[in-house]
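Please read the structure below before turning to the comments.
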């Protein structure tokens, strides 16, 4: 394969990009000057060196002047360390941070577990999660009291939550930690008439 | 105005119908045979005579062979009469019935109360609701224990719920009845990354 | 079937209306006052009496104070009677009139002919078209010089045009009348990159 | 700006990509292995060296084993060199080639000329076009007989066509070359009822 088509193939692998748009990307790059292309190329080549992974929550964050082990949330003494929220991806964590509704800590799972997946530990960070959870339980600074599963409300998210409950249960039970899921019910803008049965059931069960 | 344009204007008032579709309706009717038009005309003329309004919940229902006062839900001895759910419209009641998640009774408010509406009692059935609530409280067959406000999750729905709480409060408090709203949180299909702050806040508050 | 469900069924037959919206129509009508329902019912019952069909082009038009045989276009001495445009429906005629690009006369076919339709003459006004065409040829006021087929550019429209050519050919040829189709090519807003092959072929063939 | 945000900014400049998707691209790249990132980086850095620009039509094409001056179309002796089609961009040329409706030659303008643009020659290849046109006129292998302007059917495309006509006129006239635009009218799938006036006017004018 020639290098243009190879580049198109690379862009085609980007999330949400089809072959036509991948090709437009290449034509767009051909209109860029050499300095711009060199910079983009260099940023991609050095991407991983310019990014640190938080040793606690596994979130990606820009490497500063000197290497740090913890991301801004995990390093923040003002966060409530009795709460640990498990989110599928970095982008989920960002959405929650932007909503300004949560002051606890996080763990980024790195994805969701598809139904029937045989090796979930190769998909997401199950081993690191368990290690981190045990560390948090042992640390008691302060005591960890609740693990919140913030999974997407779809079959893959449900499956991920169930797998997590199974895996975390022994540690959770031993340490007397509560495990919770995000509440379900009507979301902003919902009109009763157009609401699915599952959501109505949850909204009714969780009425208050 | 000639009668074609008058008919177009009528159809234009139908919910969700613009002038272009209203005109298509008229052209469509012109292709129908006379028997069909006569039947449609007659069904519309007699619509109200062929429909009863439930004396309890104010729901519309088809008039049977002999006139009945109560709709199928209100007449059903199997329904849980300790619960009363207030819904905006007949269509909301139908969605909830179809979801098969609720076995209590209903009251159809007849709409929602827009923000800044000065005469809400002309918009929706506030007076009849209060009368019916008092009757249910007095009846004790069995005791009414909870009023559920099943309003749309939008500003008009919020406003309606607030107005209802104000109006119902004296009766509710005197009779020691709980007043609740449908639960809020993630609805089916929600992905964390794309969730609005309001919904995240509710999902977090209502986690379990 | 009770009369409410019968009415829902009627509305469900309206163009573009599904069962849910049909039901909303009925609930909407239940909120109308009796005078409004009676007027709507009456307009529908008398629809055909309040409408005339043009004796020439078969277009529907509102009946005026006294019955007239011809619609406003066919009665207009300013129209160019050397041109006859055949359109599928009244709504197509209206779109063309609004575009203010055509000053000839029309014939409303009453629909299109689906592919493989065995009895096209039961679907659309083939017989009346032929009769009218012969009359126009004979009249010579002035001589009819061109028949324009203004069909939709889709398989059903293509099929209709082909059937019309077959049926009209003898008269057309004998009277030395030109038969034409609307031109094909790029339509407003078209971008070359996203244009289908068929349209490009036509645009290239019809370049000028 | 840190290098992650710098990379997000680069992706944000890609055609059709907003800030949210730009960020997702970066997170996606962080999941790629080092070999994949190095390859992508290298393909971008060497993009321009791996691409040739056709000396005749200015189309981009992958550089083969040895450098060639002409793209596959311009080098093809089977193409009809009496026709020259001017297209805005490489992607337009590709769409036309795929449609398999044109066997002449091309010139890629490199874009369109916005209305009120004061320096169109800095936007698109006007000077190179004029040079190439003169060369083709002089060459007579065979004689160039028609220049086809294949511009988008929108204000910018119209403006580009008008500018081209002005600039090319002297050469065109002297050499007795025809200048044409792609035909206009109904495009595939068009229904008369929903057609805009401009398109109807063109369809009527170009009827045949």
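For clarity, chains are labelled A, B, C and D in written order, and residue numbers in each chain start from 1.
The definition used in the following text is that contacts are C-beta pairs under 8 Å (C-beta built on N, C-alpha and C of every residue); 3 or more make two chains touch, one makes a residue touch a chain.
Computed from a predicted model, the values in this text were never measured in an experiment.
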item: Farthest chain relative to subunit B (centres taken as mean CA coordinates); value: D
item: Computed distance of Cα centres, subunit D from subunit C, in Å; value: 40
item: Distance between chain centroids, defined by C-alpha means - subunit A, subunit C (Å); value: 57
item: Junction residues of subunit D - those touching two or more other chains; value: 89, 91
item: Contacting chain pairs - touch in the sense defined above; value: A-B, A-D, B-C, C-D
item: Contact footprint of subunit A on subunit D as seen in their complex; value: 2-7, 10, 14-16, 21, 23-30, 34, 36-48, 50-51, 60, 62-64, 89-91
item: Partner subunit B, residues of subunit A touching it in the complex; value: 87-89, 91-92, 95-96, 98-102, 148, 150-154, 157, 180-208
